[in-house]
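Listed next: structures, encoded as structure tokens.
Two complexes come next, and they have one chain in common, subunit A, joined by subunit B in the first and subunit C in the second.
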Partner chain A sequence: MTSTSRALTVRWPLWLALAFLATFAALPLAVLAAQTVLGPDGFTFEAWRALLHDENLGRQAGATLQLGVAATAISLLLGGGHAWLTVGRDLPGASLLAPLGIAPLVLPPIFVAMGFSELMPASGFWPCAFLLGVAHAPFVAVLAARGLRATDGRAYESALLLRGRGRAETWLLRTIAPELLAGCLLAFLFTVADHGVPEFLTVKGKAWHTYAEGIMSRWARRAVGTTFAELQSPIVAALPFLAALGCLLWAALKLRADAPDRGVARPLPLRPLGGWRWPALLLPFAYLTAGVGVPVVVLARWALGSAQKREPMSLQYLQQSFAKAMDQCAVHLGNSVALAAGTALLVLLLAVPLARRSGRSSPRLELASALPIAAPAILLGIGLVRAFHDSWLRALGNDFYSGFGFAACGYVARFLPFAALTLTGQVRRLPVAAEEAGALVARSPVVRAFRLHLQPLAPAAWTAWVMVFVLALRELDLAVILPAANATAVRRLANAVHYQHEDWSGVIALMLLSIAIVVPMLPSLIAGRRLASLS
Partner chain B sequence: MSQPVTVTDLACQRGAFRLGPVAFDVAAGGRLAIVGPSGSGKTTLLRCIAGLERATSGTIRIGANVVADARTHVAPDRRGLGLVFQDGALWSHMTALQHLRFAAPKLAEADALALLARAGLESHARRKPATFSGGEAQRLGLLRALAPDPAVLLLDEPLRSVDVHQRATLVLLLRTLGDERGLTTILVTHDRDEALALATDLVVLDGGRVMERGPAVELLQRPATAFTAAFLLGAACLPTTVGPTGRIVTPFGEFDRPGGSAAALRLVLPPGSTIAAAAPAAHAGPGGRVLGCVPDAGSFRVQVAFEDQLLHSTAAAPLVVGSRASLSLRQAPWLLPWQPS
Partner chain C sequence: MRARSTVSVLLAVLPFLAACGAKAAGPGPRIYVALDEQFSRPLLDRFAQELGVALDQRHDTEGNKTVGFVSAIREEAGSPRCTVFWNNELAHTVHLAKLGLLEPYDSPAGRDLPSKWRDEEHRWYGFAARARVLIVNTKLLPDPKDWPTTYRDLLDPKWKGRCAIAAPLTGTTMTHFTALWRKLGDEEFGRFLEGLFANEVRLLGSNGATMKAVRDGEIPWAFTDTDDYHVAKTNGHSVACVFPDQQDGGIGTMLIPNSVALVKGGPDPEGGRRLIDKILARQTEAMLAAAEGAQIPLRAGVPGPQDPSVKPVGSFRQMDWDVEWTAENLTTFNQKFSRRFGK
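Up next is the complex of A and B:
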């Protein structure tokens, strides 16, 4: 970093962002770790030994890992396949299908599970892996598409001329391997951390349990007399797991950082699918049908009264469902939207200084700001509760803990890495020389920061805002744990479907879905931006 | 108002690379080119003058002000400099007009438009750089640097990303605007033609060290080092040995050692300093394979592969490409050390 860019860096937003990460991401996890050894029944070597021989924990860990690997393989197949077939291919409708790769991300995984459980018995291992694989495939699809778009077409053509089509495709696959790996890692992390889908399937008859479910069930039983050691054991056992995930994340980021800057002097040429051109459409259609079509149809049928055995279903019943939904859940829906929008805004304010610094001078900061991804939401949530419940904040007479401010902080800690990584990538793509040219201009540092550093980040900032907004809107794990977030629509829905309220739940779910779709499309509708820019 | 620039014993450490110590000065309104191969440290030197790098030691003065020394590091925007970057380094989100008005807030819109018109960019005023050609982008980069009316203009290989057809236009614009304002200009480049088109004085840099400096005409006519001859003139530089009598032995014969020189010497053969002719079958003297032969004002310019170097020679008659040519000296040879002792 040059002395000029050092001088230009406005430090206090960076310190604020680091302080936030320390308080709402590092501190809760540190408190969890400390309580496992310092609590009233603090963990001893004996307790660790007992834990290693706990068959129940072992089964849960095994099931979680198997589920993670299987679901990630399905994400790779569907998401990676979708990107591979729609970016730079002569697949019919590729330009329309390619940006839709991100579409399943707008649906909370539990909606996908609800949809499929209507169609088939979904309590087995493979149906569960399939549901989670479909729900998290967009991570692979989006990153693989980005890798393909960032590949210089001339390099591909060189491989094509030298070694033929097959080897050129292999070369291309190797070239985008860092993006594929990063996408798979995200899919894996979200799968193993998800407790909503496995828990929902338990209601449908599932007899095996995952680690996240174990933590959640112990947490839920804490009020009815579970001992401290019993309560702690899944958390203690999760800590090495968390460390391993952190290492994986580090490896994925390092791989991406070490990948040479491929440039985009020329996009990939249109690669012919030959005789597979029409049959290949099956994969994107299967992916989008499973990820969006089936859940939406089922939710729409619920709203029309299918679960209440209304035959024939009618628009009149839909109106009733809508009225019930507004009566039961309008406040929750408002809370969800406000919390998601506020979270996304706060995330941006904190992510920009982190991205500026990690993109220009401190690559290690990228890892530090990405680490909260590795923490399963449930652990982060429990850590937040442990760190802030009965804390000094309450002693100050401030009910911060129960308010939406605290919930927003938890959400921000969880989703900050996504925005930080997106913006860091954009900062790296902006030429340093253009900023240095600004250093010679006699303007105040604030004007320079706004006009030359922030303005070029605007498109990426919008993308990051949308991503965090959508993820926060569909977040269930933290919503279950943080007090104020209990009053969000997703949390309400997860409860309501257990009590035969599918009719108005379907309406709320579809409204959530509409908001998640319409908001990202606003700039496209207003300014005519290409939808692909979001994916 | 133009200002002189004085650089004294400037050194800068950048990773394993060390620049300097370097010293030179440019009079007010003077035009200096810092030339050298890639990695010689010329861009680092320019960035130190601009304040984008902090010098390890030495002093930089602009006019009467010390802008960098052991205790001082004046911020780039307070040095009164304009800098034109290699590839324009334009702000992709601003229009051409916004570039000028951001660089010089006091510049009225009409004046900014007039400035754009001087560079033939009036029709581009409301356009963003993505639609500009390389030459247009570089012209805008120049206008951006000139808009705040700097005392000194720094140019970092300004013609590098410009195609050959637009170079003349840009050179003319640089010279016209620079001369009108009496600007002190410091240019870095690895291109001899670019240096000679834009500067009257040269500093030749290699490996972070100054090899030679002086007026361009003098350095071209009588370089003091073989490196300068090779870099500026494209001369072939052949190694020599010292014979038993103390004379310098070269492929073209033995020569007396130039007075005052104790260093190892090279035989420097600038283009046109040798005569090539078709080699007879039993030719044993200096010669090589003909790589190319083109007519040139009554004679022929011939490229000959000689030892491991490419020799630009002259021939009275056309030579067949691929045939062998004999070589002889056309003038007294230059025997020069590779670098200053």
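Up next is the complex of A and C:
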């Protein structure tokens, strides 16, 4: 066996993962980029000039950036504030409130929008920013909490003794800045890329549009009068922006990944809030009410029959709603769960070799595996459709493009970075010595992988699986574009509320939420571990 | 060792392969459906069972209504994936016929449809229509004398910022506006559009959204389709429906049928033809009329909706719209006016 073929044999999982990334993340974006310059309709300099003078696009880009900044500020205030007040604080109920920082993540942002739009007109700029800020605040909350837990309590106490409370708190804030920055960047990225919430609010009367809406609208109408240049121009303009965003994201995630190893010998001491102890409860309360309470109450009221006026809300009506939900959407719910679970499993299979490689010897690989996060789902979806809708697989009689396999590949490409980065951080924390010793034993790579390498990764792998499962379960943007994913519960719900089907939509939404909550909690419930481990 | 590696590889890719094959094109026809999934899925499930075919149903999103599938059928022209297209309006189907993407099929079940609503070359059939009506909140406007009666009321300063219409970028509103463009001519239609903006008419994302804005009392009235109105009424909301432009000399109320067509080169065309026969059956029109959507049958003798406010064909003045011209000019309409709506 030559050294090359041996390398291929031993490292086939890595090559498989790289091939996957190349096929389902890089290729679609490359196809989008290539189509702008190749072919008879290639994007010309005139088109670039037109692009610069395109008022609609300019307005959409401006609105998107403003929305991103405003929503991120709200995420920082709510998510960061939640972590700051509940981790290592004497806030009443802090130990219960702290792990709930992640709770709004299980709600698809469109559920939050549905909830609030029932209570107030939500078509203005600030309501939209608030909704997206709340929906993405868990990124900041979780990472900030992680930063606080990783900070050495002795260093904080030294700062406290030497410089006083105010400066010690400032020092602490500076210490967790990488995590805060990473959280804010994730929140910003998810906000500017979000199509579902702005589109939902447009349906409700929002008169200004975001970039993702513009791209999707032109894409949907591509065969009824949208010219190639019109369709392509927002995509062309988005690509350099994406590259810059990707680099920023990688930098932030790298900071985050490197941050936890600060030698935690002792956790932070309990920091007193003094007279603010009770008033400070307002912030976590407001965060959780906005992120979970309001949407869940609205959905529950829908299920009980609040949207119809024939009869009062009742448990009997809930039974009817449940029956309708099973009749109308059980298949979609099953599809959602299967797609999310399958995606999470595939992501793990691909992320482990990537993480092992990038955590040990190829840090650049981490950048490669992180970049797909920067591609908005709408853009990635359009790229996937462009690259695969006429795929050669059809000639073999397998309509891969229309099936759930293709949808799963799209989801995996979108969420692989989350798992890869989580696992890379874990790999870096594991001692190399044991692996080196294992390599000297004459056992197959597969045996070594299972017995030596994978076992220590299990907790991080479970975290990654849960994260991807929840994100895939709530994914709407890719679900709107990829054919098979059209038949998922979130897409059906986003559609159903147009039609006054609030009753069974409420039931399905609550079932989806229950699944997203119960599945991640299973090991904690079975093993009796504290819920803090989830965050 | 090699055997173990092979087993591991197989274990790793097995779920993936299973997923790939899960929804691979089966032996039956595939249908693209733009009509609301709640109404169409039960019917299609039943038809599939009666025909004994494995029917692959694909349902459109409300936001993309119709145009998403039209785009897909056009893109898939080289290697079609869809057998039957059930559109919830007519003009886009006629547009596809003009592009040569539809296969003629002389369905025996469609022969008794009015000639206006079926293609002479049998490429498409219109059936079970919705009317473009005004939905009124009867709590905000209890006196019928105050109700709007014509599309021109959208421009009345009395309703400034207090009425709505779906943005005419997709679905029945796009068809409605394109037909209106033909009816009014360039100049008057241009004034009408400017008048909408000047009067701050709320441009919402769908007819469902306009209905909800009225139903929930945000505005007193809006344009919508009869199915949306009827569901609101069935759910006990205080709403009424006005068939607009019924006055002498008025342009009449626009009626937009569903349409069904066989896509050229799609899988299992024979299954597709049998499915079309089922969809075009008189019984289907009756079932669609009896359902929550209260679709209006086009054929005489088919029982219509029980709700008398959803009027049967022949009992109101219909807008005489040019189907062929509208279909030909959908793309021009999109190119010319979509930017005016900010997207």
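What we mean here is this: the second predicted complex is superposed on the first by the 501 of 535 C-alpha atoms of A that agree within 3 Å, B and C clash if a C-alpha of one lies under 4 Å from a C-alpha of the other, contacts with A are read in each partner's own complex, and residues count from 1 in each chain.
Assume contacts are C-beta pairs under 8 Å (C-beta built on N, C-alpha and C of every residue); 3 or more make two chains touch, one makes a residue touch a chain.
Note that this is a predicted model, so its numbers are computed, not measured.
Once the two complexes are overlaid on the shared chain, A:92 sits clear of subunit B and of subunit C alike. In the overlay built on the shared chain, the residue A:334 is in contact with neither subunit B nor subunit C.
Shared-chain residue A:220: touches subunit C; no touch with subunit B.
In the superposition on chain A, contact of A:269 is made with neither subunit B nor subunit C. Of the two partner chains placed by the overlay, neither subunit B nor subunit C lies in contact with A:62.
When the shared chain is aligned, subunit B comes close enough to touch A:431, but subunit C does not.
Once chain A of one complex is fitted onto chain A of the other, the partner contacts of A:399 are limited to subunit C, with no touch recorded for subunit B.
For subunit A, the partner touching the most residues, choosing from subunit B and subunit C, is C.
Judged by the document's definition of touching, no subunit A residue lies at the interface with subunit B and also at the interface with subunit C.
The touching residues of subunit A, when paired with subunit C in their complex, are 9, 12-13, 16, 56, 59, 121, 199, 202-205, 207-209, 213-214, 217-218, 220-227, 307-311, 328, 342, 345-346, 349, 389-390, 394, 398-400, 402-406, 408, 444-447, 480, 483-484, 486-487, 491-492, 494-496, 498-501. Chain contact summary for the complex, subunit C toward subunit A: residues 1, 4-5, 8-9, 12, 15-17, 19-25, 36-38, 41, 58-59, 61-64, 67-68, 70-76, 78-79, 81, 92, 95, 164, 169-170, 202-206, 208-209, 211-213, 215, 218, 228, 231-232, 234-238, 330-335, 338-339, 342-343. On the subunit B side of its complex with subunit A, the touching residues are 47, 50-54, 73, 75-79, 81-83, 85-87, 89-94, 102-103, 105, 141, 144-145, 148. Partner subunit B is touched in their complex by these residues of subunit A: 2-4, 7, 431, 433-434, 436-443, 451-452, 455-456, 458.
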